[in-house]
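Worksheet: one structure, shown below.
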Amino acid sequence: MRLLLLNPNTTQAVTDRLAHVARAAASPGTEIVALTAPRGVPYIVSRAEAVIGGGVALEMLAEHHAEFDAAILAAFGDPGLGGARELFPLPVVGLAEAGMLTACMLGRNFSVVSFARGFEPWYRECVAWHGLASRCASIRCMADDFASLETVQQEHGSDLVALAARAVEEDGADVVVLAGAPLAGLASAVRLRIPVPVIDCVAAAVRQAETLVALEPRKALVGSYRRPAGKASSGLSPALTAWLAHERE
Amino acid sequence: MRLLLLNPNTTQAVTDRLAHVARAAASPGTEIVALTAPRGVPYIVSRAEAVIGGGVALEMLAEHHAEFDAAILAAFGDPGLGGARELFPLPVVGLAEAGMLTACMLGRNFSVVSFARGFEPWYRECVAWHGLASRCASIRCMADDFASLETVQQEHGSDLVALAARAVEEDGADVVVLAGAPLAGLASAVRLRIPVPVIDCVAAAVRQAETLVALEPRKALVGSYRRPAGKASSGLSPALTAWLAHERE
Amino acid sequence: MRLLLLNPNTTQAVTDRLAHVARAAASPGTEIVALTAPRGVPYIVSRAEAVIGGGVALEMLAEHHAEFDAAILAAFGDPGLGGARELFPLPVVGLAEAGMLTACMLGRNFSVVSFARGFEPWYRECVAWHGLASRCASIRCMADDFASLETVQQEHGSDLVALAARAVEEDGADVVVLAGAPLAGLASAVRLRIPVPVIDCVAAAVRQAETLVALEPRKALVGSYRRPAGKASSGLSPALTAWLAHERE
Amino acid sequence: MRLLLLNPNTTQAVTDRLAHVARAAASPGTEIVALTAPRGVPYIVSRAEAVIGGGVALEMLAEHHAEFDAAILAAFGDPGLGGARELFPLPVVGLAEAGMLTACMLGRNFSVVSFARGFEPWYRECVAWHGLASRCASIRCMADDFASLETVQQEHGSDLVALAARAVEEDGADVVVLAGAPLAGLASAVRLRIPVPVIDCVAAAVRQAETLVALEPRKALVGSYRRPAGKASSGLSPALTAWLAHERE
Amino acid sequence: MRLLLLNPNTTQAVTDRLAHVARAAASPGTEIVALTAPRGVPYIVSRAEAVIGGGVALEMLAEHHAEFDAAILAAFGDPGLGGARELFPLPVVGLAEAGMLTACMLGRNFSVVSFARGFEPWYRECVAWHGLASRCASIRCMADDFASLETVQQEHGSDLVALAARAVEEDGADVVVLAGAPLAGLASAVRLRIPVPVIDCVAAAVRQAETLVALEPRKALVGSYRRPAGKASSGLSPALTAWLAHERE
Amino acid sequence: MRLLLLNPNTTQAVTDRLAHVARAAASPGTEIVALTAPRGVPYIVSRAEAVIGGGVALEMLAEHHAEFDAAILAAFGDPGLGGARELFPLPVVGLAEAGMLTACMLGRNFSVVSFARGFEPWYRECVAWHGLASRCASIRCMADDFASLETVQQEHGSDLVALAARAVEEDGADVVVLAGAPLAGLASAVRLRIPVPVIDCVAAAVRQAETLVALEPRKALVGSYRRPAGKASSGLSPALTAWLAHERE
């Protein structure tokens, strides 16, 4: 099984971390190919950047999806997920989606814990889009002062554990979802320092993608997730243009 | 007052219609400048195309917003609206938003009536995003068989009136919102054939944009709609790149 | 265009303030006529008083609506709004309604900020009646100790700014709605002291009433907001009695 | 125990029917005093008339409440209930409230069945105000063609049984609430013709009022249902004026 | 009238207290028979124990229901209530249900106040199951350190009054529901120490059971609460086995 | 990895089918042990039977859980799931839960399709308990006339396909969840006859159980899903008694 791990951000170091954690979580026989966005922003932190990243994700999928059994949209917030699911025939799972749905099987309420307060509005809209607001106890984020995406996990591990503790104690979280690609792998490092189950979204997403492949769901032929009819476009990437035009099937 | 009427689709004929209706609806002293998307799809009908169109809208706003007092995102579904409101200092109002909120002042429940069934999922997500699901009696769309965007209003006016009548009779709509840029101007033509108030989203959006300008709201300095901190990006349009980097203020 | 600014309370000084702010906010060519309730309470602060004020508002509209293009129900809480919209053929907009719907175009969540804690339950029911609870971040009111309706704005401007700051910081408000007729005009005075957009409900209501007139909505002929069939009544004001009996059309 | 059965409508024949059913439902030792509104409309069918009837109900309570242990607001839709509960020290229960809450103890979902389609919007707002929308399977009303309030129950009993059957079969109602004062007593006549429990709102309200008296709840001293502070008013009924002014305690 | 007061826990002292309060609350002519669970746990505090207690409650009802006019499921949380209502022909009311629905007639929002923090998740699911989340201001419980079920009321009365005061002041409770069978009778002792109405769930349940009997609701013949078709089972109590098999009618 | 497939019903033929499908869906190295309830009902179809089955499931888990890495509660409706998750240290996943959460990754709305109309109320409560009502397009069940649990899948496959088609066409389902243990395996047989993805709950549950094991979640030490404190009980199964008493850890 080949999974495409698609980072819609342009930071290669984050992709590397994602790939490392994904490979550790994958079943035997699953190959992970990780790609970094060829254009866009280093890291999505707002609604505007999510729109940009979502468009880039569609371009990346248009170019590469044919070689894979499923794809993982590897940014918490799942930019472009609905569109990707609509356009392409392979299963596509988002980091937030996989983390939150997996958390739902371990308790009633989950809290999302992340490292930058600016994420909260975008994350909140993501939770609502997934229809999971009634199971989200809280979204807790650190103040905005991390030094770099590469080191945030090492530098702020204890801060994040403390945030998780508050989510458990004050917000009633049964499960903690560590959110954001730069936190990939942190869950296994801190799991015994948090008194409830902790979810690593990358590990969850890899397993969920494998599950979707195993279930062999057909591509919807009708309804909201059927592939839109072919149409001409202009000024988009060659692969996306071709795919929208049904030049490739 | 100068309003930017931004069509995130590439069909100039739709822009022309939008501009015509917008100018008729504008107050004395309001100048309407209508722009067509320089790239993208002819007409957004899906989540995927909304992501694409939302990104194009941000590029257009980055290039042109400085010359305007407010902007209208002229596609029902409001692609990229949250991001636009975040990034830019001028008020930005969406076609769906303006139509639905105005409808709320004329009755309890509105129905959205449009011409292509494919719109429904995207429209439904738009209604939910605006938090207005409890006031939306229904979304009713014709089967997918219109001949062209330019003529759909003329050819299918009676079909749409019939759909509106069913929304009133069967779904309990107190107000009808005619949705989709190609239907601009239809409301005034059919208003006496529908037994409840009918909203033209373009007219509503022009008036709402004028209202926002008149109220002189400041740009948020904090919170969810403050402008994100400057950051480098790559591969985006020059104007958007500069704006994201805070090279322009 | 002639707008009826209807104060359902008996305090003339509040009417005067409302009229002053309304005239400043109106477009050229809009005439504002402000009327004070001929009977009732000096200022509505409870559900019981809202019922009383709502009835008085219907009497005032029965007597005067024929001379106007639209009416503004000028008490936050919108007493009698549904009934007024049902009975009379002209557009009627409420102060709370106009303020909250306008706020929705400037951010995700608004907070209502007012001067007397007693308002909160009534305001909360008003928010719910409008179906806007999911967009209301909070209702924050001062403790009940203002000296007079006429001076509350001057004496407690800084307290209200401080409440707004807490709504932004602690409740996540993207927009602040200053609620209550005695606060008319305060928004423009304090707009630069609050870090997000601030809505003056009277200014918003004037503009929204103008918008409704411009859109020329027909009176509903069917459904929930059609005019009820004529019926005899007893003991009500002469104008309302005549209107309910369809003696006037 | 003395219960005030307050008909906020002016139709004495309806009051007589209400009193008859109420007395049959009351426990030994409970005395029912039924009063007809001295002014207002013959029968409330709209939001506007509910505002009027709510105001009249407050006047009636101001004049008479001191002689009673509890009061029943005897119009489905519960006009003025919140205000009545706020102002007066005795328990006040609404016909809709009693019927719906009692129904909740006999099944998951209830349907409201009534005789005039015009009631539906007002009833729907009443259900929402009580926070019971999630338990209301449907509101089903006959078309608007009953001959008189006095005879609607006799003439249309079978139509109402048929409506109830559809509510059970098509809407999933576990319980049927027969709504509207003119239907008082119908439930016992048709209970074996409907395959689920049927609620008579008057009987339910009498029992619930007795229950509230038996529980001896104190009048709230703080919060949303404390009695508002004394205030002057003008042009209201003498008894209501005195009560608002705290001239009586 | 004979009411079965069914304690699904095995603690006889709690049953005795329940019976004492129930008899004091009952109308003349109502006989209360109180039964303690013959097996199970001393006191339900978790979802798991609620499942166990619910099963035991069904066994007890199968054995005894034929001798009674109605039954009270006397544990806050109402374990097995839906199943009991389905299986048996007599009205069955839960302690939480009766307390919360009665509270709804005395104010907008109620708070549930109890003595052990561990109850909160189960209570919260109970509130949600009843569809009353929108009227529940809060669930407030003491820390988990009471000495015994028999004395918790005496030892911690003041703590519970203080919790109730916080629910009123901080959470906006209009009514307080004292939850948990061991608190039966406390409401009348502390009612003047809490500034809003306080509900004793046992007293409320007795009165509500009487009301249901008085209304003579038929057993549903169709739909969700009809009696399930007869079926064989194995390993269940003799009475329940016989009842499931329709050996008794 | 060893998974316990726990059938809370007493029908061995259903267990056999479940085990067959589960083994086909399992990854290499996963061992499935299937157990049939030693007491209870042949097949759960109501709330009452779910309470009974939930209790039996806890007994089975108390006896067997120590030998497994995770457990599957193999009845759609997930009887006793919350209690099981609370009591035992291994991950426990329900058939409905696994099917619905997996469906969420393949589209916006799922419909539940099953073979007996009597399931609907219980299934609806199950959907609500999981907080997934906003993603459930409909629950569609055949009329109650299947011949036997063993053959329902063979006899009614085409009926179920037709129901699924209606769910897609009329209810807007993006995904179909085939519900009920007797339908295990049907999804793969009919997947090309339904135009959207179809979920087999047993296959989904096996994969989700594997995923939970792979993620190594710790047992909650605090909060709503911590193991309840040890307590004495009486009359329960020996294993459950011992586990509740913390005689085993």
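The first chain written gets the first letter, and so on, giving A, B, C, D, E and F; residue counts start at 1 in each chain.
We take it that a residue touches a chain if its C-beta (ideal position, glycine included) is under 8 Å from a C-beta of that chain, and two chains touch if they have at least 3 such contacts.
From a predicted model like this one, the values you see are computed outputs, not experimental measurements.
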| item | value |
| --- | --- |
| Equivalent of A-F within the choices C-D, B-C or A-B, defined by over half of its residue contact pairs recurring | B-C |
| Farthest chain relative to subunit D (centres taken as mean CA coordinates) | A |
| Label of the chain whose CA centroid is most distant from the centroid of subunit B | E |
| Rounded Å distance, subunit E centre to subunit F centre (Cα mean) | 29 |
| Euclidean distance of C-alpha centroids - subunit B vs subunit E, Å | 52 |
| Euclidean distance of C-alpha centroids - subunit B vs subunit D, Å | 44 |
| Multi-chain contact residues (two or more partners), subunit D | 82, 108, 121, 125, 223-224 |
| Interfacial residue positions of subunit B with respect to subunit C in the complex | 25, 27-28, 82, 85, 91, 93, 97-98, 101-102, 104-109, 130-132, 134-135, 168-169, 172-175, 188, 191-192, 195-200, 203-204, 207-208, 210-212, 214-225 |
| Subunit F partner contacts - residues on subunit E that touch it in the complex | 10, 38-42, 45-52, 54-55, 58, 79-80, 82-84, 86-87, 118, 120-121, 125, 128-129, 224, 228, 231-236, 240, 244 |
